[in-house]
Structures are given as C-alpha cells and as structure tokens.
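Shared chain: chain A. Partners: chain B in the first complex, chain C in the second.
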Partner chain A sequence: MNKKTPDYVSTSNPCKVCSPLGVSLAVKGLENAMSIMHGSQGCATYIRRYMISHFKEPLDIASSSFDERSAVFGGKRNLRAAIENVSLKYDPELIVVAPTCLSETIGDDLRAYCRNFDSTTSAEVLSVSMPTYTSAHLVGFYGAVRSVVAGKEKGDEKRQAVNIFPSMVSPADLRYLKEIVGSFFDKSMVMPDYSETLDGEIWGEYIPIAPGGTPQKDIASAHKADFSISFSPYTKEDISAACWLEEEYGVEHFDLLPPIGIRGTDELIDVLSQKSGRDVPRNLVRERARLIDALADSHKYTFGKRAVVYGDGDFVAGIASFLDEIGIVPVICACGTPFPRFEEYLKNSLEETEPEYIGADVDFRDLEELMEGKEYDFMIGSSKGYPLSRKRGIPLVRCGFPIHDRIGGPRFLHVGYEGALNLLDTIVNTLLTKKQDDSTVGYSYL
Partner chain B sequence: MSFEKLDDTMMKTYPTKVYRKRKKAAMVNDPGEVKEIQANVRTIPGIITQRGCTYAGCKGVVLGPTRDIVNITHGPIGCGFYSWLTRRNQTRPENETAENFMTYCFSTDMQDSNIVFGGETLLKDAIQEAYDLFHPKAIAIFSTCPVGLIGDDVHAVAREMKAKFGDCNVFGFSCEGYKGVSQSAGHHIANNQIFKHVIGSDDSRSDSKFRVNLLGEYNIGGDAFVLEELFEKCGIELVATFSGNSSIDHFANAHTADLNLIMCHRSINYVAEMMEVKFGIPWTKVNFIGAGQSAKSLRKVGAYFEDPRLIARIEEVIAEEMLKTDEAAAEYRPGTEGKTAMLFVGGSRAHHYQDLFAELGMKTLAAGYEFAHRDDYEGRRVLPSIKVDADSRNIEELHIEKDPGRYSQALQDRKAALMEKGMEFSDYEGMMAQMEKGALVIDDISHYEMEKLVEVYKPDVFCAGIKEKYAVQKMGIPLKQLHSYDYGGPYAGFDGAVNFYKEIERMVNTNVWGLIKAPWSNQSAMSAKYAGGKHAVASHT
Partner chain C sequence: MGSAILKDRENQIFIKEQSQGEITCEKSSLAGSVSQRACVFCGSRVVLYPVADALHIVHGPIGCASFTWDIRGSLSSGPELHRLSFSTDLREMDVIQGGEKKLERAISELGELHKPSAVFVYATCIAGIIGDDIAAVCRRTAEKLGVPVLPVHSEGFKGTKKDGYKAACDALAKIVGTGDISGIPEVSINILGEFNLAGEAWMIEDYYRRMGVEVVSVLTGDGRIGKISRAHGASLNVVQCSGSLTYLAEHMKEKYGIPYIRVSYFGIEDQSRALYDVADFFSFNPGLRTKAEEIVREEISVIMPRIQYYREKLAGKKAAVYVGGAFKAFSLIKALRLIDMSVVIAGSQTGNKNDYKQLEELCDPGTVILDDSNPLELSRFVLEKKADLFIGGVKERPIAYKLGIGFCDHNHERKIALAGYEGMINFYKEVYSSVMSPVWKFAPRNNRRKSHE
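Presenting the complex of A and B:
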C-alpha cells in the first residue's frame, strides 16, 4: 500500500519544528513557570517569534545566551546567571531548562547543573531530558511534561482524582477538555494547560507571567491521583508522563486515541463516566446527539471525498479518524516528524476507509510528490501546507499548529463533540465554497 | 518623570553586577554632547532580549531576500525551519520562469550520527542533490551551532563542489549562532562572503549614465518596489540592491556602479567599505524613510552626478511626490500632532522612523537599537575608539586591496572634489545627534525594561517586533511592528510615507482600549490603573 517517497538527502519544506519549541509550549501551560533555552539566544528568539505569530500573546522565553567560550567550555556559568536573572525579574515557582542542539553537542549535563542551583533561586529548577536533533516538537512537548512530573518535589496531599495529559491541542481544546472532565470529577488536573496563558484576556497592565496554567500543587500530587489519561497511545513510553506515573507509583493509566471525532470522544467519556461512577451529563448527551444529527445532514457533501492530512502524529491520527467517521477518505496520512509505529497507529484509528499512503518523517516536498497525478478534494493541517494547496488548486482546511496566515488558531476547537461539529462545519463549508467558486453559475443555494 | 526615577524603577532592581552593566546602555540624550553608550556587547543570560543569533542575521536578513540562490541550512531542523519564508521575502522574479527558491527551505536535518561522525558527507550529498534538481547559479551553505563544534569544514566542501560543478557558484558561511553578540555578527559574515565570492564576478555594464547601488534595503513590505519605481522615474539606474528584491546577478556586477547609497548602515557598511577600497566606489548615507528624507536622499544623488538634467528631473519628481505626502500629512496630522512614540528595533529603523513620526508631529520619547554598534548611535567618528572585544575578533576581517584593473580613480577624484564643496561621504552621524535633548536612548532593551518604560511613559505608540507586540498591547498601548510592518507597508519613499501616516493615525486613535472596562461594571475586570486609561474615558462616561 505504501508508495515509497523518494529518498532525498535534504529535508525540504519541513513539516516539523524542533523539540525545544515543544518544551516552551508545555511550560507555558504550567502555573507561574518560566522556561530557559540552554544555548544560543537565537533558539529562544526564533521559538518566541514562531509561537507568538500563532497565539498572538506575550510569550517570554529566556536563554542562557551562549558565546564562543561557553560553546567550548560548557554553559554552566551562563545558566546560573540566566536562572538568577529570571528569578529576579519573573519570580517563578518553577524554572524548566531545555537542552538545545548546541548544549547537546557539547554534552552539557543539565541534570547535574540543575541540582546545584539552589542558592541562586527560590524556584524549583528542573531540566528536560530529551534528544534534540533526532526529535521534533511533539517529543519536546511530552518530554517536558514527563520531566516536570518526574522531577518535581512530591506533595503528600491527594488533590485530584485524575491526571489528563493532552497532546499539543489548542487553548480552546484545553478549556473544553477541562469542562468535560469537570462534569465527572470535582477535582482533576489537565497538564499542560495553556488555555488562559496563551489565549488570555486584555489586562490593562503588565503581568510578567500570565495567570493560569496547571497548578504547581497539582503537579506535585500527580502521583496521588487515582488514574491518568493520555492521548498518545503510540508515543514512546520514555517520554510519557502517564507511563512514568504508572511505573513509579502504580497510577492506573488509560492511553486513549486522540479525542478528535466521535469514537475518540466516546472513549474518553466512557472512561470518565465509568471511573467516576457518574452518568454522562445531559449537556454532553445533547452535544453528541446534535453532532450525529449534523453528520446525517451533511453526509451528502462529505461522502467519498478525498483528503490529504499532514502534521504531527497525534493530530493526523485524530483528524484521520474523524474523516473516516464522516465518510471522507484520508487518502494520504503524512506525519511530519519521525514516528515509529505510525502506520499501526493510523490503521487502528480507522474503521471504514483505507488510506493510499501512511508515512512518517514526510516533508512538504515528499508530500507534493505523493500527491502527484491524483485528485484530492482538500488538504487539512497547519498553514504551512498553503503553498502546496495553492499550487495544486485545492482548498486547505487550516487547523492544528501553527496557523500563521489566519486569525483564531488558538480558538479553533478540535476535540470532543463540539470540536467534531466545528471540524465538520469548517470542512463542509470549505468544500461548498470550492464548489460554488468553481461553478460558472452563481448558485446561492447548494 | 525624571530619568533618575526611571532608573530606580527600571534598572536599580537588577542585581548590582547586572545593574552596572545595563546602566551603561541607557541614557538621556543630548545631541550637543553625545555621550558614550554601551552597545554590541553580550546580552546578559536570562534577560529576555529582542536579539537573535548570528545565523539569523546571515541567512534571514542579508541573504534571505535574494531569490535565485539555493540556501541550504547545515544543521538540525529547527534553524532552517524558523528562517523559512518569513517576513522579508517579497520578490518579483523577472518573468514566470525565472528562478525563485525563496519558497523552499532546505536543511541537512542533522541527526545524532552526523554529530558524532561529522556531517560533511551529508552536506556534499545535499549540495549535489540541490544541483541535480535545480541547476541553480549558486548554492549557499549556512552553518548552525553544532557545525563549528564538530569541525565540519563547510568552506572546503563548498570549494570542492564548486570545482566539481564548474557552472555553479558554491560558498559557505560560518555563521554558527553562538558566534556573535547578536545577528549583527551574521550580517558581517554575510557581507564578507558575498564580497569574496560574488561581487565583481561580472564586469558587464549598461550604458546608462547614473548608476548606483542601494545597500541595506531589504524589501520589507515591498519597500524595494517603491524605491525601484522612484529611481526609475528619476532616471537613475539601480545596479544592485543589497538585498531587497535581488538576484545574485545584480550582486555580481554591483562593482560597476558609480556610487553606493547606504540605508541600513549597521548591516551592510562592510560591503560599502570593501567596495571602496577595491573598486574605488564612494559611499554615502541615505534614508528613504519619510518624505523629507527621501527628497534629501534623491538630491544627494543629483548632487553627486552634477548633471543639470538629472537634477532638474529629480526636482520635478520630488515636487510631484511631495504634493501627495503634504496632502496626506495635512489630512492625518490633526489626529497625531503632539502624540508620542518609542522605537526599539533594528540597527537603523529606530533612527530612520523618527523622521516619519516627526512628519506626523509626533515626538520620539525613547529609542534604541537591537543589534547596533556604538557608531550607529554616536556616529562613525567614534570608530577608532571602539574596543575590539573577543566577540568581534571572532569574525574574520577581510584584507582588501585595490584591484588595479578595475579601481576607479575618477570616482575617487570626484568624491574628493565634492567633499571640498561640503558633500558628505563615508559617514554616518548616528541616531543620537538627531534625537532631541532629554529623549531616552537604550541599547538592547530587555523585555522587563520595556514594560517599565511603557508603564511609566505611556507612549501613544510603541514600535518594535512581534515578540513585543502582544505584551505591549496587553497594557493598552498599540504596537507597530517595524520588522515586518505588521505584514503591511510599504513605508519607504513617498508612497510609503502616505501609508505610514494613515496607519499610525488609525493606531493612535483606536477606541478599542476604551472597551476594556465594561459600562455595566463598577470595578474593572482588571486593575483600574491600566496604561491606556486616557483612551478609555470617552466611550463610557
């Protein structure tokens, strides 16, 4: 089934970003926390620019600002200064230090460094262990969550019944997830939670660290929870916080498919309902019924359509699963990052349709070649797919991360029944717009 | 607010060591007695800076806007990705089939094994692949942090591949991110390599009489398109622009021009200096930001060529263009007069844009550069007294000699004669000489200092980049992005000035901040003391 992509040397027009970006994003979702990129200041600057362009929110990321001397002799002194200055100006409770390609090349031992910084700061200082060159943003994201959960000083108090570890979803998704979980459990933890920090209110004054984020106390009590839910069943165990909690503290772990579309959401609701012993609340029942009604109504527009899905693994699996549910064939499922077992992941996410191509570590040049000679109705993924969709003359449904050429990326809802409805409306309306625009007659009734 | 008080809130809360260092980078301006400012020194770790890295300055800024060089980033994936098709890359290929590689991002996407065993083979293969795919005129290699540390010799690889191809110029840049204080180091490295490998490689020249290069113009928001049109209208030929809307072919015969005009002094003065030594081409500083400065700069070109017809044509064009800008200024000025601005951006913009604000009757309260050196603040006269530190020594200084066959003594004689008459060459007097007495000058402003500055002074508009935009706007102050123009523009030349007037007038008079407090709420949803308070009054009292 898999058409082999040409074996290029260069990665061209990549569909992945680097792992320190994932760390910065995750840390933005922790209460009163700051991240430091341990390397050249360009890493922090590039990452800030890239994420701010999507979220349109302040996003302060510090850097240990290496110079040639630190590049040769190690960056411990720079890191100490960085921690001291960040503490003084931001007064965070938690500082998370991410390795960069530079610090990994010279072999700076961040863990050892971070253990010795007590005198410099009142904040807890943790380092993230993750590979830099070989991985991409999602690994940094999960790696940061795991490193913080594992490294954080543990509390004795049981605070939450459940730990939820979402994938890289939007702030709107996180808000909605919290609402869903909140209707089953009085106290739960969603980590990271950048629903307020990266889709915040107007302040009228400046607040150095945006309010919101997963409470530090909850993170410290993650090991006391009854169970954890994560949504990345094929991610390597060594970067999963939920796996770590299960191994170390026996916290029961449900690794569910991404809660995008009906099946994924049903599964989540089912687990929540069973574990809480509570019935599914009326509003969720109604949301689901409204969604199914809308699916039935729009089936005539979606049935048999051919889609190209690209992005990181969890996103592609979730979106492909939803398309499969509404009769659209996810013909090409391309994961931009390296992802072992991606094919297995995808196949287990689909029930009705069979893609013509499933592959990981695909860049946009590969994708262009994969798409050659065949017709597709639309592409779905980040705004980085725009040049290709334009070239091919097929519409692009923008969702996921990043969206740099439209507003509202952080407010786009993908998860849960409401997210599925939003995706459905967006996809169908995109197809209708195309049909209408292509018609020589100006029909206003479709 | 006295500066001492600002010093208390903004600087004195730093630890003593940091305070001592930062204090030297901030001062009250006195144009009559320009003081020494600390610039182009290492950013203190952990201070959130606006600055980028050497790689960013080399690939993103100087080489970014050139369309027909295949740029390969040698390194892990992030660097190439972040510098791919961002803000500056507007270009207009000569025709539909002309090469344009700007929409591509090529990276060797280094993996562990390349770091351990070296990445030269991988790089060679990537260059070969690019050559086979596109047969481009040129391939450039940009080194990221790990490359220098693992000892990959990108220059040797470039030489080898260039010799192998025969019809493709291949050259490398040792622009590892950690090399310099800021992106400024990358500019210098880019200047050196373009000078070494490209400039002077094509001696053909057109027979037009008035041939100039425009240096340090990067076609942000389409600025280059406006200026190209303006030059054409005046009958001046732009041989090469470094590097807005450029092609490598333009660079190759840039040395045939009769005059170099410098816009952004910081990023490109090295090329101008080297071209003067080798080819005898004089350079002079210009500024095409603001109607008044655009007119002045055009007149400079007229004065240089001393041709009555050219001078007359330039005056005609200025008169025609000024009608538009005067009319626009009259329309928008009532809304902007007396308002205030702050500019913290770049190596020239924080200076140049003060002219545009002055044309709107707006006062610049504070300004500073992100990556400039002392000469950009205090003027080139301080060059001999600038200490060469370890970071500057890192960057190769090319030893340039006169090219006996192509050096133009005639141009140098003309320069000498014009200097007698008072025309300025090879000089930039810097930002401070032009700024008002009492205005603040702050180099490499940190995020924290910026917040304090806005809090205390409450300017009507703050100019910086996207990293600062949403932080400042949270405080109820509009931020104009001057790196990318908020994806608007152009702002250069006369047409650009009209755009700028209009946008600033709209920004400083927006009523959105008035909505922060809901009419039905007795207490604000946030602190009552928000910076935009004065805007808020009208809508609900």
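Presenting the complex of A and C:
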C-alpha cells in the first residue's frame, strides 16, 4: 500500500518533521534537563520556532553550532563547548544530545563523545541513538526516552510501581493520564511529562529550565518498577523504553493501543485496575457513563460520516479507532512518516469500519491525490492539513501536533474518557456548523 | 542558576556610555548558547521565498523543508507556488549513493507538474556534505524544462544567515539582465529588500506610482521571474533592510552601473525620506519632489490625529527591541520616539560594526545593545531595564509573555502591514493593544498573589 516505494521522487507539503524535534520534545518533559542538537545552528532554531508556534512557551534548545571546520573534522570540540556552556547557563542535571542528519552523515560517534570527555559539567550527559534520515519526529521522541532510561545511572531505590510511556500527546493529555494512573497507584512515573513545562504559567522572571517534568530519581528507578505501560505496539522494539526494561530487567510490559476512545481507555483502565487490585474509582465510572450518554445523543450526526485522518502513526491509529467505535468511517488513514507495520496496526485498531486507504509515508500532495473525486465530511489532524481542507472546502478538526493556526493546541484533550468526549463534541459541532452554514434555511435547532 | 551571560559573549553586549571600546559582532554563534539565529539556508529562504512563480526545492532531509513551509506572510497577487514546500527528502540510501539522481528527477517531475517560471534549488547542510554537484544538475534540468534552474548555495553550516542572503542574491543576479527592457522610462526604480508582508510592497509601490515613478521590479515581494529579469532596466535601486539585498544592489551597480540608495519604509520619518530621496535622485524632474511632498502631507494629515491618541496613551513606556537586522532597529527606535516611548534594549541577530555604531548614536544613554543574543540575556535585561514591551519575532514572544509584558511581532512571519503611513498606525495599534491589555494586571509581577513557588 505504500505508494511511494520503491521509486518516490520528492516530498511536497510534508506531513512530518524530523527526529531531533521529537528528542527535544521528550527532553522538555524530563526534570531539569536540556537537549543539545548536535549539528548546525539552523536545525535547533527551526525546531524551536516550530514548537513555540504550537506550545506558546519558551523552548530553549541548544545547538553545537557546527561551522565548516566541524563539518569536515567532526564536532567533538563543538559538542564539548556546547555542553560546558549549557551547564554554565542552565545548570541542568541531565543533558541529552541528539544527532542531526549532519552529525550522522559525517559519522560523529556521539556515544563515545558523551561517555568519555573531560569536562567540568556536573550534569549527566547522555546521547540518543536513533537514525535521523529514515525516521521522523515520533522515532526521535521514543528514541530519546529509551536512550535516557537505558543510559541513566541506576538508583537502587524502588520508587514507583508503574512506568507509563505515553506517545506524543498534549500536555493536557499528560495531566489527565497522571490523574487516571494516580487513582490506582500512589506512586507512578509518566515519562516524558511536559504537562507543566510546556503548558505552564507566567513566571515574572525568566526561569532557565521550566519547572516540572519526570523526576530524575524516578527515571533512575524505572527498572525497579513492577511493570510498564506503553502505547505503541507496532513501533520497532529497539526504540521502546518499556521493551528495554523488560529485556534487561524483566520489568513486565503492557504494550497497549493508544488510550483514545472507549476501547483504548478501557484497556488501560483494566490493566491498571487488575495490577493494582483496586476497583475502578467512581469518578472514572461516571466519566465513562457520561461519554456513552453523549454518544447516544449524537450518534445520528456521526453515523456513516466519512473522515480523512492524517498524522503520525500512533495518532492516526488512536483517532481512527475512536471514529470507528462511534460509527464514523475513517476512509483515509494516512501516516505522514515511514511506518513499516502501519497497515497491520490500523486494521487491528478497527472493528466496525473499513478504510478505503491505509498508508504510510504520505505527504499532503499524496493525500490530495487520494482524496480526488470523492466526498468527505471532514478531515482530522494537525493544522498542516489546513491548506488542503480549505482547497477542498472540507471542514478540519484540528488536534494532535502541531496546531499553528489556533490557540489551545497544548490544552486539547485526546486521551481517556474525557478526551473522547472532547473529541466527540468537537467533531459533532464541526459537522453541525457545516450543516448550518450550508443550509438555506438556517435552522436554530439542529 | 548560572550567570545569564557567558564569558565568551561578554563583548557582544554593550551598554551606551557605560561600556568601553566597541561591540564584537559578526561572529558565528557560540555552541550551546541557544542563539536565536537560524542558518545560511534560512537567510536564502527569507530572500527568495516571496518569488511566487518559482519552484523552491529544498535539497536535503525533510526537516529543513518542513520547517519553512508557508512560514511567512509574503503575499502574491497571482501564483502561489512559494507557499508550497518541496523537498528531495533525502534518506539513508541517498546519502550513501549521492542525491544527484534524485534531485534531477525531483526537478523534472515537479517542474512538469507545476510549470514554474524558474526553479531555485537550495543546498542544505547535507547536500553540501555529501558533495552533490547541484550546479551540474541544475544546468542539465534547465535545458530540459526550458526555464532557469538555479542553485542556491545555502549549506547551513557555511557561515551565518548573511551568507545566505548573499547566496540568494547570487541566484537572483543570474535572472536579472535576461529580460527585455525596452519601454522602461528613465524615472524608474527597483524596490529591493521588500518582501510584501501583508501587502506592504503594494502600499509602497503605490506611493511611488503616485509620484510618477515606475517600479520595474520589487525584489522579492510579490516577485515574478519575468519582472526580476527586467530589473536592470531601472535607473535606481532603492534598497531596504539591513542589506539582505545589498549584495544584489552592489552587483547591479558594478555590472549595469545602476546606483542604489538605502531606505526604510518604517516610521513616518523614514518612509517620507524614502520618497524624497527618490525624488531628489531624479532632480531633473522637479515635479517629483512636489508630488512627494503632497503625498507625505496628505498621508500624515490622515494619521496624525490617531498618532496623537496613541502618544497620549503610551508616552513613557519602555520597549526592548530584538530583530534580525540592525537597520530595522533604527527605524523602530525612531517610530517609538514619535510617541514618546523609549527603547531600553536594542539588539540584532546579524548587525555589523557600522550598524552598532549607528545604533549607539541613536540610542539613549544606558541602552543595552546586544549582538546575537539569547533568551537568558534578553530576559535578564528586560527585567533589569523594566521594559513594558518586547518587539521581536516568534522565538522572542514566549520570553515576553513569560515575563508578563507585552509583545509586538516584527519579523517575516507577521500578517499585519507595518510599513508606510498606514502601517505606522497598525504598528502603534499593535503596541497599544499589547501594552495596555488588562491581562497583565494578573501577571505575577503586578499581582500581589504569588502564583508559583
């Protein structure tokens, strides 16, 4: 189904960004940590700009600022200077170094650089191992979490019962996930956790590293936890932190489907309830009941509607699964990044409906061609789909990452029962707005 | 927390009448300093982006193209190819085997699909490091497509944003001079360094037209290859901005003997001078000067009462200015002075010695002058100097907001016209609506209730 291999030529209007962005996002969710993009200045600055437009928060990301010399002779010296300067100014506990395409191409051995270099920094310095070219933001995100969990000096204290490794969700999602897990376990770790660092408050003075993030001590004790939960069952194991903990330390691992929609959330709640031995708390039971009540209220507006879903793999799978369970057909499921097992992933996420197209490594030009000649009720995904939705006159439900043309992207809730309710309301109201706008009558009851 | 200023950066900071010697600048960014700068590629992209009937292909891995897709507010009156993003999206195999074949196919395929008037091929860091002969690919494909295919040597690590400007100018220089210039009158100019953000070029063109000056080509706002190819037919180049297009102006002076003047369209004073200077250049036609005076009078009489309103509201407020090029800072300082606002911090990403000297002359004593600064420094001085407003780009916005002060966007991504007379009012309105917003009353700085531990 991957129409681009073996002979695709170019990418127009991409539906992905590169892996170092994923790294810097993940590191933003670790307590007192800084990331360094090992390469030219431009990559770090562009990544900052791109993320600031979504999160509307400061995003200090350092670069080792390659020049011609380092591009030819290697960037070891620059990296050392970067580490020293970052330590001096930000005084982080952890520095995470991400390769960029440039450092990968010239063959800089980041691991070796970070392991043995003589520096005065008191920070722990870890590098992320990941391919830069073959991958995209989500791989960088998972890769960073895994590299930090694996590389971090281990503590011997048992601190948390469970490690939660979310996908690239919103700060609001992280807050809510923590709440859910917190109602089953007194101590848990959600990693990364940028719920405060990237959706914080006005400070009054500039704080070099935003407060919040997954505590370093918890990360050091991840191997002592009873079990881990991750939400990326079809992602390669070599970038999964939970897989690593299972292999190296025998930490039990539940790799669940994304907790978007009822089925996904139920699955998560079941595991939590069963492992904790606690009953599902009343507030979650009520949330679920309210959600189902709302589904009944709106089912006529949603049934049989045709949707186009695009974005990164985990997002598309989660959203498609939710649409599927409320009777909307995710007609086109397009993953913007290369994703070998995407089709399998999608098919296993759906029960009621059958998409007409499932494919990975799709850009917006492909999507436009795919949509040619057929009718759709709405598109759902990041704001990067806006030009296409405008051109085709199809409403766009903005969610996921990035949202560059609306306020509130970081506060959009996708996960859990409350997230499903939020998605439902947004989708149905989008459909109703369209219906009302298109109507010559202008009914005031719908 | 460590000190906000790194030792190696100390002499890139200058405080008027307090610091000794002169500011250091035009250095490459210090590793790990979280510079607000981008790269060479960014500089080229900024200059060429508004050329709307050309294909802009980024030769490299996907990020460089993703991050610059539809990123700016440059308007086009016709085609909008510039708002699309094209990349060769290099993968591992391409890097090993070289990307030339892929690039060639991409240019051919996209060229046939979109029928552009020219193709710009941007070299990114990776294209540079794997040693693709982009120029050769461009030559081959140009023949096939029958339109100019121009390499832009913008490898990110080969210098700073300024080198990117130069690379872009080199590409433009190959188009200039290829068109038919018959019929161009003597009283004619090119507008250089104006990117038509929110239609600014159209406003400025209109002023000149009303004066009786023909605008042959705007580089590159609402740009068209056809018009650019005729640029050598103009009598004068009018160059705006901190010299992103100065290289081209220099080149045209040398090659075609076309002189250039520097102007700014920002602020009443500078905008008016931009009209007068052009009129004076064509002094054999005194009617131009009269016409310019008329326009200035007319425009100012319209906006003066409104300026008075903003002055009353904003007098005494303090601003921090951090922009890409230093030239813009000059205009901003003057514009703010007009409403009795002062500038307490003035800095740029890419100023040179001369720029900073001028800036120093223009500034009040005690003003902090910064070269290639970063969030920690900027925020430190904003607090120290008690600024009420920050003027900068997207990356500076959250700094201002986190500190609980107003912000005005003054870079290439803005969607509001700030040039010309009308733009002046828009600018004051922007400043006003941010500085005077009641929301700041709830910011911790002004609120007795402490909201963070």
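Just a few scattered comments:
Keep this in mind: the second predicted complex is superposed on the first by the 436 of 446 C-alpha atoms of A that agree within 3 Å, B and C clash if a C-alpha of one lies under 4 Å from a C-alpha of the other, contacts with A are read in each partner's own complex, and residues count from 1 in each chain.
As a working rule, contacts are C-beta pairs under 8 Å (C-beta built on N, C-alpha and C of every residue); 3 or more make two chains touch, one makes a residue touch a chain.
Since we're looking at a predicted model, the values are computed, not measured.
Annotation: superposed three-chain arrangement on chain A; chain B versus chain C shows a clash. Of the two partner chains placed by superposition, only chain C is touched by A:D91; chain B is not.
Once chain A of one complex is fitted onto chain A of the other, the partner contacts of A:P211 are limited to chain C, with no touch recorded for chain B.
Contacts of A:Y133 after superposition: both chain B and chain C are touched. Look at A:I202: by the touch rule set out above, it reaches both chain B and chain C.
According to the touch criterion, the shared surface of chain A, contacted by chain B in one complex and chain C in the other, consists of residues 9-14, 16-18, 20-21, 36, 39-50, 52-53, 56-68, 70-71, 78-79, 81-86, 88-89, 101-102, 105-106, 131-134, 136, 201-208, 387. Residues of chain A touching chain C in their complex: 9-14, 16-18, 20-21, 36, 39-50, 52-53, 56-68, 70-71, 78-79, 81-91, 101-102, 105-106, 131-134, 136, 201-208, 211, 384, 387. Touching chain A in their complex are the following residues of chain C: 1-4, 6, 8, 28-42, 57, 60-70, 83-92, 95, 102, 105-106, 109-110, 125-126, 128-130, 156-159, 375-376, 379-380, 383, 394-395, 397-399, 401-404, 443-445, 451-452. Against chain A, in their complex, chain B makes its touches with residues 13-15, 18, 42-56, 72, 75-84, 86, 103-112, 114-115, 122, 125-126, 128-130, 144-146, 148-150, 176-179, 181-183, 390-391, 394, 447-448, 451, 454-455, 465-467, 469-471, 474-476, 516, 524-527, 529-533.
Only residues 8-14, 16-18, 20-21, 36, 39-50, 52-53, 56-72, 78-79, 81-86, 88-89, 100-102, 104-106, 131-134, 136, 200-208, 387 of chain A touch chain B when the two sit together in their complex.
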